[in-house]
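What follows is subunit A paired twice: with subunit B in the first complex and subunit C in the second.
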Partner chain A sequence: MKKKWAYLLMAPGLIVIVAFLIIPILSSILPTFHDGDSLTFSSYTDFFKDSYYNQIFMRTLRISIITVVICAILGVPTAYFVSKSNKKIRGILIACTIFPLLTNSVIRSFAWITILGRNGVLNNALLTLNLIAEPKRLLYTEGAIIVGSVYLFLPLMIVSLVGVMENIEGELFEAAESLGASKIKAFFKVILPLSVPGLIVGCVLVFTGAASAYTTPQLLGGNRKMVLSTLIYQQTMTLGDWYGASVVATIMIVTSILVMGTINRLAAKLNERGV
Partner chain B sequence: MKQNKGLFAFVILVYSFLFIPIIIIAATSFGSESYVAFPPRGFSLKWYHNVFTTESFIRTFKISMEVSVLATLIALALGIPGAYALTRFDFKGKTLLKNFFFSPKIVPGVVTGFVMFQFIVINLKLPIYYSLLLGLSIFEIPYAIRVIGSSLEMVDYTMEEAAMSLGASRLQTFFRVVFPNITSGIIASFMLSFISAFNNVPVTLFLSGPGISTLPITMMNYVEYNYDPTISALSVLLMLMTIGIMFVVEKTLGINNL
Partner chain C sequence: MPLLSLKNIDVSYDGKTNILEKLNLSINKGELVSLLGPSGCGKTTTLRVIAGFIEPVGGQFILEDQNFTKIPVHKRNFGIVFQSYALFPHLTVFDNVAFGLKMKKISKDKIKDLVDSILNTVDLSSLSQRYPKELSGGQRQRVAIARALVIEPKLLLLDEPLSNLDAKLRLKMRVEIKKLQRQMGITTVFVTHDQEECFSISDKVAVMNAGEIEQFDTPENIYSNPSTEFVARFVGFENFIDLSNISGNEFHAKGGKKFTINSNRDITKENIKGTIRPDDIEIVDENSNKENLIDGSIDVRTYLGKSYQYNIKTDLGTLVVNGSNNNVYSQGDNIKLYLPSSKIILV
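Then we have the complex of A and B:
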């Protein structure tokens, strides 16, 4: 009786998701594994053999990994500070972290166009200070996409970390200090290992976010520096190559699942060892 | 606890990184030059005037508001019963079904947009407007499940048991006991799902067509061909809307409890 209720309550949501997301995904990607009647992976081996496509795939991975690393380096100390602040300051800082997160990605990328453009804020500042002789091309580079992605996803990393760090007892840190550890050593030996679960959630969110973002690579990388998400759009809307777009779709889904699976398995292993 | 000076300086730098771009946008929106200049040379409100007189902004703002509100309501209607089942019942395949509910967040947005475009718009020939609505609703379901689920977990189950043992049906119990206790969660979830639907680009990108487009897509097209502070002015207006939404969330669920 009880169980019937549960399935009945979930049915509408699940039916909508299966009918309008899962079935469309299968209907797009299954044909890419068929050659007549036989199973084939040739579309995928062709994709990775093609140097242009391979380059786009590697660029997407590279941008996502660098973004994750920078977000972790900037996020860990910041989240630690936020989690140890008094209630009022913590509230303000969390609001300041969530505000960019709820701001449209077009706005946040546009801000970086203003900063990195040929006549942008940064070039003007460097020219005025006589550090460069003529404007540098900062926009439409991989660096621009990385800066934009870090800007986009750093708040997500901070929020994931604060949630975990708030629950770490302040006494642990003081105990380590009173036993002779320096502040930095106490942080790395006590706080950081206990924050690993939050760090892992943050890394998954930032990686999958950066690897699938569309707005930022489109506005800051343009057609010069394509990534998988801008490629899939170009193939569909500009080139009408839906088969090619389906191949990219499969690669994006598989990458996303593989990365999540790997990081989660790593997390489970760390838990077993009691870190 | 004594705060480390180095750490304090580091945190100031990180928040400057997060806020300086926003401040630059706000400053350029009041500039009088016909291009985005920082620091702005003169003061003018003409870019704000421009926002309200640009027909495509006004039209797509209305569409964005409409589809975001409707999609959020649909997501809540599908998500609330789902979240209730997931938090209150134990059944076979719970983890698997939970993953199904969260799949719209696992699948990259552009992939969702692409497959829905191909299947719903091209194969099923559903009008663009309904496809867009459907795409955004599906995209918001995980949000609804998560926020509602966590406020359901805060409701003491013994209250429900008490109501039911006193003769209330499960449905009565839900509307008389559970619902009043999760209204703040529902309001917060509505606000967050709404802003996330409103801001969405990857899904709506594929599900827009002649006459039907959303504000972020229009802004993106505008930015690719124009470089004047109209977008800065529009950004400031949208950020004010975001602040309003955050205020409501703070008053209902509390930003810290997200």
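Then we have the complex of A and C:
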């Protein structure tokens, strides 16, 4: 009896999701596998055969993975520091971490334009220091998109890790030290493996965020360095090619799922039990 | 020559108030020494200074003629058993125990031999592939002890290791700890707030209060001959009488009452206290002609099972006395109390 009530409670949310998420997704994905009556993958093989599209796909993957790696490298020590600081300071540090998320991503990407632009802060500084003879192209490069994405998604990595690291008992670190592990070894042998659940959440959030971001690659990469999400926009809004956009969208979804699976598997190597 | 000595150790967290003040402690090789005291007395802090987690602001920690004060934790090679056991949740029992050996870069075969042998000693061989979550409290405790012992530490440090176990298991584990300690002959420092537990396994006990060691002696001496009022109260002395010395073993209490006390302690203080356990005061006949008699009347009677406990009003304040089940008094009864001169301790 109780179970039936539970289903009833779930119904409103389920109906909304099915009506406005599942059905639209299926109705845009399914036609891409149909060629008249028969099942076909030709739209997908065509996509990957086309060097221009293939390049965009690889670029998206590359940017997202590099962003995830940089966020993890920067995020893990920061998160550990935050989780070990005393309660009062921890609250302030977490607030500082989350604060950038309260600003619109368009505005934050514009900030990078003024820094990376031809006459931007960074070029001017390098010129005055005589390190370069003429302004370098920093904007509209993959590097610019990566910098912008890291800046955008690092807080997600830090917050996911802090949540897990806070709950790691301080005595575990001391126990490792007492058994002959230096502080660095104790960190890699005990703290890092125990942070894996947070690391997985952080990596998945950052990857999906970076792979599907639109504003940052649009503003910092422009039309020179297209990614899948900007490609979808171009195909629908500029070319009116909704079918092609559906193909790209499907590729994005499948890629995200595959990468999440890989992240999970890699993380499991660090901590086989996920505890 | 002691194995380990703490010399004038000062510990302060804020630079103003001292948690430990000019603390001195010497421990001989192979001894099991307990640090006993109420929470906040500095016993755990002392252990953490020895372990190296806290660097003292003053004083020295000497081990085998070597100054250990500034040696980092991971180079000390001390085995530590934490109150929470601090087992690594992501490692099996085997890997938990092997952790310290792996840090020493010992060969895999050797590690397996050593771990198997210590797990055998603590009777956990069959559980070596389990994870800490899958063990009971007592088993976790044994893993923690095995992990600390397998590195052949110079010292074994135990921080309230029994406080998370139920009463029955606690009794069993303390015997096991004592046995292992004897067997391996390892010098051990044991921190506890439980007097009975501490006395039962220690060679020597340091009773601590407010960052200082009040008395450092064998459990027997501390029990029968406490040197300060704090120690006396901690080991169950409940009656304290203000006294002043007249001559030899003659003492005056408030109101002129005279006491004879046989004490081998040199009395230098002006005002001292005589203390006696509730068990050692006898309720006697009205017409007894013993020395050290006081008149009193029963104020409160409580039943303890093997005896009755009375709060007795006297001219010297309320005294707590345990009386036998054979002769039961009730509230308001006027009685005489006999305080044997050899049972009164001067503090």
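Worth pointing out:
Keep this in mind: the second predicted complex is superposed on the first by the 261 of 275 C-alpha atoms of A that agree within 3 Å, B and C clash if a C-alpha of one lies under 4 Å from a C-alpha of the other, contacts with A are read in each partner's own complex, and residues count from 1 in each chain.
What we mean here is this: contacts are C-beta pairs under 8 Å (C-beta built on N, C-alpha and C of every residue); 3 or more make two chains touch, one makes a residue touch a chain.
Please read these numbers as outputs of a predicted model, since none were measured by experiment.
Legend: residue contacts after superposition of the two complexes on their common chain; A:L161 is shown touching neither subunit B nor subunit C. Of the two partner chains placed by superposition, A:I191 touches none, neither subunit B nor subunit C. Of the two partner chains placed around the shared chain by superposition, subunit C is the only one that A:E171 touches, whereas subunit B remains out of contact. For subunit A, the partner that touches more of its residues is B, with subunit B and subunit C as the two candidates. In the superposed model, A:A144 lies in contact with neither subunit B nor subunit C.
Of the two partner chains, subunit B is the only one that A:Y233 touches; subunit C does not reach it.
Of the two partner chains placed by the overlay, neither subunit B nor subunit C lies in contact with A:C71.
Comparing the two interfaces of subunit A, the one with subunit B and the one with subunit C have residues 174, 183 in common. Partner subunit B is touched in their complex by these residues of subunit A: 2-3, 5-7, 9-10, 12-14, 16-18, 20-25, 27-29, 74, 77-78, 80-82, 84, 90-91, 93-100, 102-108, 110-115, 117, 119, 121, 124, 151, 154-155, 159, 170, 173-174, 183, 208, 211-215, 218-219, 229, 232-233, 236-237, 242, 245-246, 249, 252-253, 256-257, 260.
Across the complex, subunit A is touched by residues 51, 53, 72-80, 82-84, 86-90, 99-100, 103-104, 131, 133, 147-148, 151 of subunit C. By the touch rule above, subunit B contacts subunit A in their complex via residues 1, 3-4, 7-8, 10-11, 14-15, 17-19, 21-22, 24-25, 28, 35-36, 38, 77-79, 81-82, 84-86, 88-89, 91-92, 97, 100-101, 103-104, 106-112, 114-120, 123, 134-135, 137-138, 141, 145, 170, 192, 195-196, 198-199, 201-202, 205-206, 216, 219-220, 223-224, 227, 231-232, 235, 238-239, 242-243, 245-246, 250, 255-256, 258.
Looking at the complex, you find that subunit A touches subunit C at residues 169, 171-172, 174-183, 185-186, 189-190, 193-194, 271-273, 275.
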